[in-house]
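Below is a structure I'd like to ask you about.
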Amino acid sequence: MKRLMNLRPSKATAFFLGVLPFLIIGVFYIVASDLRLAENPNDKLLPSLSSFAEAVDRMALTPSKRTGELLFVNDTSASLQRLGLGVLISAVLALLIGIPLGFIPFVRAGLSPFVAALSMVPPMAILPILFIVFGMGELAKVALIVIGVTPLLVRDLQQRVSEIPAEQLIKAQTLGGSSWTIVLRVVLPQIMPRLFDSVRITLGTAWIFLISAEAIAATEGLGYRIFLVRRYMAMDVILPYVAWITFLAFMIDYLLKKSTQKLFPWYSGAKEKE
Amino acid sequence: TKDKFQVAWTIYVGWMPWDYAQQEGIVSKWAEKYGIEIELVQVNDYIESINQYSAGKFDGCVMTNMDALTIPAASGVDSSALIMGDYSNGNDGVILKNKKSMSEVKGLNVNLVELSVSHYLLARGLESVGLSEKDVTVVNTSDADMVAAYSSDEVTAMTTWNPQLSEILTNNKSANLVYDSSKIPGEIIDMLVVNTETLKDNPKLAKALTGAWFEVMSLMKKGDTKALTMMAEASGTDLAGYKSQLDSTMMFYDPSEALKFAQSSALPATMKKVSEFSFDHGILGEGAPNAEFIGMEFPNGDIYGDKKNVKLRFIDTYVKMAAEGQL
Amino acid sequence: MSLITIKNLWKEYGDNVVLEKLTLNIEKGEFCTLVGPSGCGKTTFLKMLLGQERPTRGTFLLDGEIFPDEPSIERGIVFQRYSVFENLTVFGNVMLAMELKESKFLGRLFGAKKAQAKKDALEILEAVGLGSSVNKYPSELSGGMQQRLSIAQSLVNKPKILLLDEPFGALDPGIRADMHALILDLWKKHNLTVVMVTHDLHESFYLGSRLLVFDKVREDVHAPNRYGAKITYDIPIGDGETIMTKLHQTIEKGEK
Amino acid sequence: MKRLMNLRPSKATAFFLGVLPFLIIGVFYIVASDLRLAENPNDKLLPSLSSFAEAVDRMALTPSKRTGELLFVNDTSASLQRLGLGVLISAVLALLIGIPLGFIPFVRAGLSPFVAALSMVPPMAILPILFIVFGMGELAKVALIVIGVTPLLVRDLQQRVSEIPAEQLIKAQTLGGSSWTIVLRVVLPQIMPRLFDSVRITLGTAWIFLISAEAIAATEGLGYRIFLVRRYMAMDVILPYVAWITFLAFMIDYLLKKSTQKLFPWYSGAKEKE
Amino acid sequence: MSLITIKNLWKEYGDNVVLEKLTLNIEKGEFCTLVGPSGCGKTTFLKMLLGQERPTRGTFLLDGEIFPDEPSIERGIVFQRYSVFENLTVFGNVMLAMELKESKFLGRLFGAKKAQAKKDALEILEAVGLGSSVNKYPSELSGGMQQRLSIAQSLVNKPKILLLDEPFGALDPGIRADMHALILDLWKKHNLTVVMVTHDLHESFYLGSRLLVFDKVREDVHAPNRYGAKITYDIPIGDGETIMTKLHQTIEKGEK
C-alpha cells in the first residue's frame, strides 16, 4: 500500500468526495428540520424545503405590494452596488496610500505607525462618530466598508511594494526613471495583480461590514432584509439569503481570480494562490 | 430659518404610520402646504437614530419617553415631544419559561435590552411583586435576537417588545406572559421628538408633521386595509400580524385623545418614575447629582426637576391645533 | 583624463572595514573583471560605482567630477537576478528603458518618438539574439535569455559604463559560453566601458581586458572586520595570448 | 537633489514624523470637541479630555457600586478570555483540519470546496442557529469567534502546507517516514510559525466577532460595555475603550511577533513580514 | 544479478514521449553520472528510480524485484535545493533521518537508541566536515554546507542507492571542487551506488565511473514531443586516465 499522502483520487472520485459534505449537510438539515417540525409544526428555526420554496417565490418572484418591485432583486442590486463601490474606493485609496507608504521612506516613517494603529480600531465601536461624519445615507454604508477594508489593503500593499526586488528599482533608476515615472511604470503595474489578490482576501471582511452597515441604516439590501426578518426569526427567508450571499461571494471571488489571470498574464501568483 | 428638515424613524408598530405617510406622499403634501420640505429617514438601529438626533444630524426623531429623557435631554439637547402617538398597552412584556407568575422570576437571568423601556418594565414588574432588581441578573441582549435567544436553553426569562414578544408567545408553549405594559398603562409612550430650538424657529415643521400624522391616523381608524397592509409589509410581517401588534398598542387615532393624554396629570407622575429609574441606573448623565437634575416641562406649564435645566418639554400646542382643525 | 579616478578610497560599514585604500583609474573602453573571495567587497565596490553606496573617504571621480550619489543613466547595470521587469514583454522591457529616459512625466512615448524607439528596440533585440521572442514575457524565457534582455535594456540607453554583478552566475555552462561571445561582441562593437564582478576565474580571464583581484592582505582572527580588502593584483590581459593558453594556465592553477 | 525614493529620514526625523499624525488627530479632536462643547456644554459626542479622565477614573479606578469590582478590569479580562479561548480553539482546529487538507489529497478532494463555501457564509446572518446549537452563554461568544476565524485560518494553513517544497516531503519519505511521522516531524513543526503569522493576520477579524458577540448577549466585556453605554451616548466611555482595544490589539500582535521569533529562531518569515 | 535492471523502458506524459526504449543495468558500487540537454528527461529518469514516477512500459527492477512505487528508505536523494529541514539544526537534521527510520509511531527516539543515534549522527557529520557546526540552523549555513548536510542525512540511513539531482548546480566553483572530493571519498569509503544528474560535463567525467548521455536522436520539428530521449552514449570511465587528460579533452571539445 502506498502512503496516504501519495494516494491521489481520480477525477470522478474527487468530484464525488467534493460533493459529499454538501449532501451530508443537506440530509442532516432535512432530518433535523423534520424532527423539529414533527414536534412543533410552527417551528421557525429549521423550515422545511417547501417553506424555502414559498419564501423564495414570495421574495424573488412576486412583486412587492408596497413598491411593485421584486424585493430580492432590489436587495441584491443595492448590496452589490454598495459592496462594489466600497471595495473600489478602498482599492483606489489603498493604491494611493499603500504605494507611497511602501516606496517613499519619508512617507513610511510618517504614516506607517499611524496606519498600523488605525487598522486595529474596531469600526463598529465608533459608529456614532462615523455616522456623524458620513451621514446616514448610502455614503455611510460605503464608508463603513471603506473604513473596515482600506487599512487591511493598505498594509498588504505596503508590504508588497516593499517586496519588489531592490534590483528592479535600481535598474529602473539607471534607465533614467524618476521616483514618479518609476511608480508609474514599474511599481504600479507590478502591484496591480497583487491588489486583486488582496481584494479577494479581504472580500469576506467587506461583506461583514456591508451586512452590519445595512443592519443599522438602510431601506433595502441583503443585510437589511436579514436584519428585518430576524425579529420574526423568519429562517425561511434568512437561510436562502445566506445561501445567496455565499454564492455571490463565491462568484465574485471566482471572477476576480479569472480577471487577474486575464488582465495580468505574466502574473502567476494568482494561479499559485489557489 | 431653514426649509428642509430631516426626521428619523425606526421600524416599530407605533411608528409605521410615518413610513406610510412618507411613501404615499402625505408628508410631502403637508410640507408643501407649509412651504417646506420634510424627509423621513428610516434608520434600522433605533439607538443610532437617537444618537444621531442628539448629535444634531436630524431635526426630529421617534423615540420613547424614557429614551427622550436619557439620551437627547441628558446630552443637553433641548427637545420637545411634539406628538405622543400611542402608549404601549401590552406591547412590552415579561416572559418566563415554564413558570407562571411574576414572583417566580427571583434568581433568574433575564434577557433584555439593558437600560431600555424593557428594563423599566421589568423594574416595575418586580416592584409589583415586592422584588427589586437585585433579585435577578439582567443579561443585555440585542432586540433583534430575542426570538432566537428564547429557543436556547440558558434563557429562562426575558423582557421584550413586539413583534418579538408575540412571536415568542405564539410559537412556544413554554412561554408565559407574566407581566406586561397593560399593567402600567401610559408609562411607555411612543412619541415624535423635535429639537426645541428648531421648533421655535420653524413652527411650520411641527404643523406639517402633526397634520400628516393625524391624516394617517384617520385612515387607520377607518381600518384602511391598503394602508395597514403597507405598514405590515414594511415592518416585515403581514396584515394579521400587524393588526395583532396594534391590538396591544393604545393608538390615539383622534387628536382629541392625544390631547387628553398630554394634558393628563398621569404624565408628570410617570415621568417622575422614569427619571428616578434612570438616575438609579446612572443614565441621566454622570454629572447628575439626583433624579431632578434634568428639568421637564409639561403642557400645563408645570416643571418637574431643575427649572434652570429644562431639556425635555411635553407640548400640546400642535395636537391642540389638530384637534381644533386649525392645521 | 581617466573615465573613473579612484584615489585612497575607503569604505566602512560602522566598524566593519570593507575596502581599504583603493587607488586605481579606469579608462574608457576597458573591460575590467573583478574577482576575489566571497564577502571581500566586490559588490560593495560595484554599488559605489553605481551610486547606491558612497565611499567613506577618498577621491572618487567620474569624468573628473564627483560621482552622482544615486543610480543614474550614465551607468547601466545587469544583476544576477531580477534584472528584467516581469510584467512587460521582451519588447516592452526595452521600450521601457527608452521611455523612462525620454519621457519625464508619463514615462511613455507617443507618435514619431515612439516609432523611433520601436525601431531602436527591435534593432538591439536582434543584436542580442532575441529577435524572435519580442512578444514573450520574461517568465517564458530561459535564464540566459533573461540576461540577454537585461543587457539589451541597459545598452539601448548607451550608458558610459556598463556594470555587471555576476551576470552569468546562475546560468548553465553551455549558455554561459554563448553569453560570453555576446558580451565580447557588444563590447567591441559599441566600444563600451565594462566593469564586471565574477566568481569564475575562467570567465574573468576570457572576457576581461584587465583583471582586478580583491583580497584582504592582513587578517586579524580576533577581529575579522578590522582590516579591509585591497587590490592584490591588477593584471592587464593582452589580446596576443590565445584564449586556450590562458585557460590552461588557469586550470592548472585551479586543479593543482 | 536625490530622488524622493532614495531619501531616508534620520532616526529622529522618523520618530517625529511617526508621531506627527497622532498629534494632528489629537489637536483636531480637541478643536472639534471644544467647538461642540462651546455650543452645547452637555454634548456627548466629542467629550473633552477631562471627561475622559473622569470616565477612566470611574470605570477603571473606582469599584462599581453594584458589584464592588472594577468594571474596566472585569470587562478586559472577560473579553481577553473569550478572545484568547476563541483564537486558541480556532488555531487548534485549523491545525487539525488545515494540515490534512493540505497534505492528504483525498482529504483535500473531499473538504476543500466545502471549507471554501463555509468561509463565505456570514456568521452574523445565521446567529439563530448558532444560539440553538451553542446556547447563549460564554460558549456562544467563543463559538462565534471560532466560526468566524477558523475558516480563514484553515484556508491559510492549507495553502501553507501545500507550499512546503515537494523535495522536503520526498526526502522525508526516503528517510523512512510514514505519512503520520512526516506530519509529526516535518509538516507540523514547519507550519507552526506560519500558524502564528496567520493568527496575527486574522486577529482583527477575531476582534470584530468578539465585539459583535458581546453586543448580542453578555453581562460584561469590552464590546458589551461599548454597546451598553451607547444607549446614552457616553462617548467619554466609548472612546477610551476603543483606544484601549486598539492598544490591546497592538500588544497582542507585538507579543505574537516576538514569540514567533523566540519560539522559531529558524523562521525568518516573522521578521520579513513586518 | 544487477542492482538495477531496465529493459525496454518507456516514459510518456500523455502525448509527450520523454524517454524511449531505455535498456541498461546498473551494478552495485557504480557511480553513474547522467548528462544531456535540458528537458531530455534526466530528472524524470531519477524520479522513476526514486519511485516518484512510474515507467509507462517496460521492465524496471531493483534487486530483481519490481521497483517500490513511492520513495522508500533504500534510495537516498539529494536535490539541488530544499534538501534539508530548516526548522532543525544540523544535528537535528541528521537525527531526524534516524528517528524517521526507526520510530514508526512518534518519529522520535529515546534512551539507549537515542544515545546510539546521537553517536552515529556526530560521526557522519564529522565525516562530511560539519563537525563544528552541529548546532547551527540551515539558514546559517552556506549552500555548500547545506548540501553536505543533505548528503550526511541521506547516508546515515545507509541507502542501497544514492540519487543526486544536480546537487552542486547552485554552488560556486571553489566550493564545488570541495564537494567533489567529499563525494568521491564517501563513495569509496562506503562502497555506495550513486546515480547523479549534472549539467556540467567536467563534473560528470571527474566524478563518475560510468557516464550516461541522454539525448533525442530523432526530432520532428512539427511535433517535438513525438520522440523521446535515448541513451546515446554509455561510457565506462577507467581510473587509469588522469583527471587532467579527461579535462583537456572535454575543454577542447567544448571550446572548439
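As written, the chain order gives the labels A, B, C, D and E, with residue 1 at the start of each chain.
Everything that follows uses one rule, which is that contacts are C-beta pairs under 8 Å (C-beta built on N, C-alpha and C of every residue); 3 or more make two chains touch, one makes a residue touch a chain.
Please read these numbers as outputs of a predicted model, since none were measured by experiment.
List every chain that touches both subunit B and subunit D.
A
Just list the two chains that share the greatest number of C-beta contact pairs.
A-D
Would you kindly tell me how far, in whole Å, the mean C-alpha position of subunit C lies from that of subunit A?
Computed value for the inter-centroid distance: 47 Å.
Could you state the distance in Å from the CA-based centre of subunit A to that of subunit B?
37
Would you kindly tell me how far, in whole Å, the mean C-alpha position of subunit C lies from that of subunit B?
80
I need the residues of subunit B touching at least two other chains; which ones are they?
Residues 51, 55, 145, 147-148, 151 of subunit B each touch two or more of the other chains.
Where in subunit E do residues touch two or more of the other chains?
Residue numbers touching two or more other chains: 70.
By residue number and range, which residues of subunit A touch two or more other chains?
Touching at least two other chains: 3, 45, 127-128, 132, 173, 178, 182, 230, 233.
Under the definition above, what is the set of subunit A residues touching subunit D in their complex?
Going by the criterion above, the answer is residues 3-5, 7-9, 13-14, 17-18, 20-22, 45-46, 103-106, 109-114, 116-117, 119-122, 124-129, 132, 152, 159, 169, 173, 178-179, 182, 204-205, 207-208, 211-212, 223, 226, 230, 233, 235, 238-239, 241-242, 245-246, 249-250, 253, 273.
Looking at the complex, which residues from subunit A come into contact with subunit C?
165, 167-168, 170-178, 180-182, 184-186, 189-190, 264-268
Which of the residues in subunit C end up touching subunit D in this complex?
Contacts found on subunit C: 69-70.
Per the contact definition, I'd like the list of subunit D residues that touch subunit C in the complex.
Within the complex, subunit D touches subunit C at residues 2-3, 6.
Subunit B touches which residues of subunit A in the complex?
The touching residues are 40, 42-45, 64-66, 127-128, 131-132, 135-136, 214-219, 224, 227-234.
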